[in-house]
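See structure below.
By written order: A, B and C. Residues from 1 in each chain.
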Amino acid sequence: MRGFAVVAAADPWVRWDWVHRHSDVILADLREHAELTGIAVVLGLLISFPLALAARRWRRTEAPILFVGGVLYTIPSLALFAFLVPWTGLSRTTAEIGLVSYTILILVRNIVTGLDGVPEDTLDAARGMGYTGWRQLVGVELPLAAPAIIAGLRIATVTTIGLVTVTVVMGQGGLAKLMLEGFTRDFRTPLTVGLTLTVALAVAADLFLQLVERLVTPWARAGRA
Amino acid sequence: MRFNRGVAIGATVLSLALVAGACGSSGDGDKTSSGTSSTSSGPKPSIKVGAFNFSESAILANMYAKALAAKGYKTSVRANLGNREVVAPALEKGEIDLYAGYAATDLEFFNKAAGQATGDAASNATKLNAILRPKGLEALEPSPAADQNSFAVTKATADKYKLKTLSDVAPVAGQLVLGGPPECPTRPFCQPGLEKTYGLKFKSFRPLDPGGPLTKAALEKGDIDIGLVFSSDGAIVAKNWVVLDDNKHLQNADNVIPLIRTKVATTEVKSILNDVDSKLTTDDLTKLNKRADVDKEDPDALAQEWLKDHGFI
Amino acid sequence: MGFLTDVFHWFTASAHWHGTNGIPHRLYEHTAMSLGATAAAIAIALPLGVLLGHGGRHGVGGRIGVNISNLGRAVPSLGILYFLAVAIGLRGYPGFGARPALVAMVALAIPPIVTNTYIGVGDVDPEAREAAVGMGMTGWQVLRRVELPLALPLVMAGIRTSAVQVVATATLAALTAWGGLGRYIVDGFSQFDNVQLFSGALLVALLAIVTEVVLGVVQRGLTPGGLEPRGQSGKPEAGEPAAQPAVLAPPT
């Protein structure tokens, strides 16, 4: 082996001087990653709610909706993005359409399960107290379904953070841009930074949503601790 | 208790990350400073410089950007955009204003592989301009520095099949695996050219990267037998590879040449860029590439150093 | 509709059915590696899941099990591929890029199997377990005769999830210089060839769906009548994501 290989082997996993010099790029990538995720999850939630409510209202649509969802779900993300590219190009739009699709698949299922899980006696009691229609939905069913819905949000958010990585093939990618640089240049530092921050972002988002769940379901606190 | 703290820490980290991201650079990672751009005389135009997905291109882009910035222009560098299929349309659409091209390859690309490129960089540049001008683009002066596609084999392979030139490969091509950038099967100077000019039909093609670490690792370890590397790559000498001689002149004068949008190509801009190019040599490129690829030095730091050494900043 | 006609022609072009870049070879690469990786993942994950779940779901085993699945979801597949490519290199059997691809595929397939096995085994009705112990069965026998058979549908659901995940990881491995069906998608991107891109996506989607459907049939076949994998009708347990099968995430 020549000197070439000796020098290459000396590449440390993190060169902090590189991190300091490129902190603006790192933060920009982190921001892009968080934005792509945030948009996908919020849009996904906005679309999933009506879909879930419709599926429950018209029970015969529930099976087809979940079935189509199940099939789309199985398609690997790279393939899903590839299906869209001939029509929407290498753009953020393509990325978001793909990302939102996956969040819908997760959220619809969880919202339906959550609402289905509200005990019938509770609903009877509520109706007896005058909670009907929308009031029942907003005042009784949703709060009780909250744990399941937030659980779905946690999965959707963490999953989306992972899927954003794949959008790097379309020039997006967020923190995956750093990982790609590490791979193409055989350079460990950006790779380590990109991967670590992606996992950290996912863990932080998950913990944050757990916090939200605790705040939103104060009655469950008695059962904890 | 432990769980509460964990949740609090997580929420803090997430909030900090979001706040830091919001306070960080604006936009999509461009190092742009705010300001107006103007095309006529008056405030100097702001110039976005793009680069291909290999270090030499990033170094050149940074050289142009910093030389212009030294004379008061607002510049930004968008490196790692991709191959020419990405970069050229970006220039045409105005997403970037300038990139460092290579005379023969860019001519063939814009001229739809018509085969007009020759070994004379100046004539390539003239033909290129004839096509670029109607698009609102132009090519400036070609530099003496050139970076050609080269095809290399390991010394062992060269000895085994007695290979010195690309013509020598013809009888054994069917046993060899070619490695190169994914666009190689569609580029006139790559696989189709090898077949047309030398009659080389390889056993298979492995898509890797443009003369980068993947191709070099694959060549070194024998996963490919012949790889596309750039003539300015320091690894060739370091690893004792044999560059097969292009005896039938498939490759043409791929001298570095700036391609720029006419809108920002003021007299001063042109003279700065031509000045930088005229002082650049192939040897410079080779040395800088080695430092970027092997030593992992930053392209922008390398550009800064070269400009300083040559009196531009 | 011109584009779709082009796609049709791509599939009928005879050149695309021969050689190392032909559909049969790429399909074979993809399927063979996926089978191998799934088998390896089962060999590692199944015993681990049993260990964690045997004797009930709560306690240390329970917490480890939940955390494995959560962590598995938080790590991006492409990131793992890039990381492994740089850490252990691209040289591998049976081809360039195979080593990081295989390791990544196995690693990412383990969490769903572990989680589902541990839930499946752990959720066995404690009364059934007590009855078995009361009948004089040893721990090993309880496992073999009571816990595993009852856990089988859920375990199978985990294997199904993993298999689809493996097919997806294999698709991404084309980005780290491997072959497989993902090659068409990745080359389609670099060559700006939308027809190749789309055709590759069709092949990949088809393989994933077939995998899911076939294993779904197997899973249903193994489910004793009247028994549903837990979670389908149950309420979400506090602290755990409500999903069925137990780990629900699209294949990355």
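Everything that follows uses one rule, which is that contacts are C-beta pairs under 8 Å (C-beta built on N, C-alpha and C of every residue); 3 or more make two chains touch, one makes a residue touch a chain.
Everything quoted here is computed from the prediction, not taken from an experiment.
A.B. asks: If you count the C-beta pairs in contact for each pair of chains, which pair comes out on top?
C.D. replies: A-C
A.B. asks: Please identify the chain with the largest separation between its CA centroid and the CA centroid of subunit B.
C.D. replies: So the chain farthest away from subunit B turns out to be C.
A.B. asks: What whole-number Å value describes the gap between the mean CA coordinates of subunit B and subunit C?
C.D. replies: Each chain's C-alpha centroid was found; their separation is 39 Å.
A.B. asks: Where the centres are mean C-alpha positions, what is the separation of subunit A from subunit C, in Å?
C.D. replies: 19
A.B. asks: Taking each chain's centre as the mean of its CA atoms, how far is subunit A from subunit B in angstrom?
C.D. replies: Whole-Å distance between the two chain centres: 36.
A.B. asks: Note the residues in subunit B that touch 2 or more other chains, in rising order.
C.D. replies: Within subunit B, the residues that touch at least two other chains are 82, 214, 217.
A.B. asks: Where in subunit C do residues touch at least two different other chains?
C.D. replies: Residues 186 of subunit C each touch two or more of the other chains.
A.B. asks: Would you mind listing the residues of subunit A that make contact with two or more other chains?
C.D. replies: Subunit A, residues with two or more chain partners: 180, 186, 203, 206.
A.B. asks: What part of subunit A is in contact with subunit C in the complex they form?
C.D. replies: Where subunit A meets subunit C, its residues are 71, 73-80, 82-83, 85-86, 102, 105-106, 109-110, 113-114, 117, 147-148, 151-152, 154-155, 158-159, 161-163, 165-166, 168-170, 176, 179-180, 182-183, 186, 188, 191, 194-195, 198-199, 202-203, 206, 220, 223-224.
A.B. asks: Flag every residue of subunit C that touches subunit B in the complex, lowest number first.
C.D. replies: 19-21, 89-91, 95-96, 177, 183, 186-187, 190-192
A.B. asks: Show which residues of subunit B lie in contact with subunit C when the two form their complex.
C.D. replies: Where subunit B meets subunit C, its residues are 82-83, 85, 181-183, 185-186, 204-208, 214, 217-218, 221, 223-224.
A.B. asks: Which residues, counting only subunit A, touch subunit B once they are in their complex?
C.D. replies: Within the complex, subunit A touches subunit B at residues 2-4, 7-8, 11, 15, 18, 21, 24-25, 27-32, 34, 171, 177, 180-181, 184-187, 189, 200-201, 203-208, 210-211, 214.
A.B. asks: Quick one: which bits of subunit C touch subunit A in the complex? Just the residue numbers, please.
C.D. replies: 3, 70, 73-80, 82-83, 85-86, 164, 167-168, 171-172, 175-176, 182, 185-186, 188-189, 194, 197-198, 200-202, 204-205, 208-209, 211-212, 235-236, 238, 240-244, 248-252
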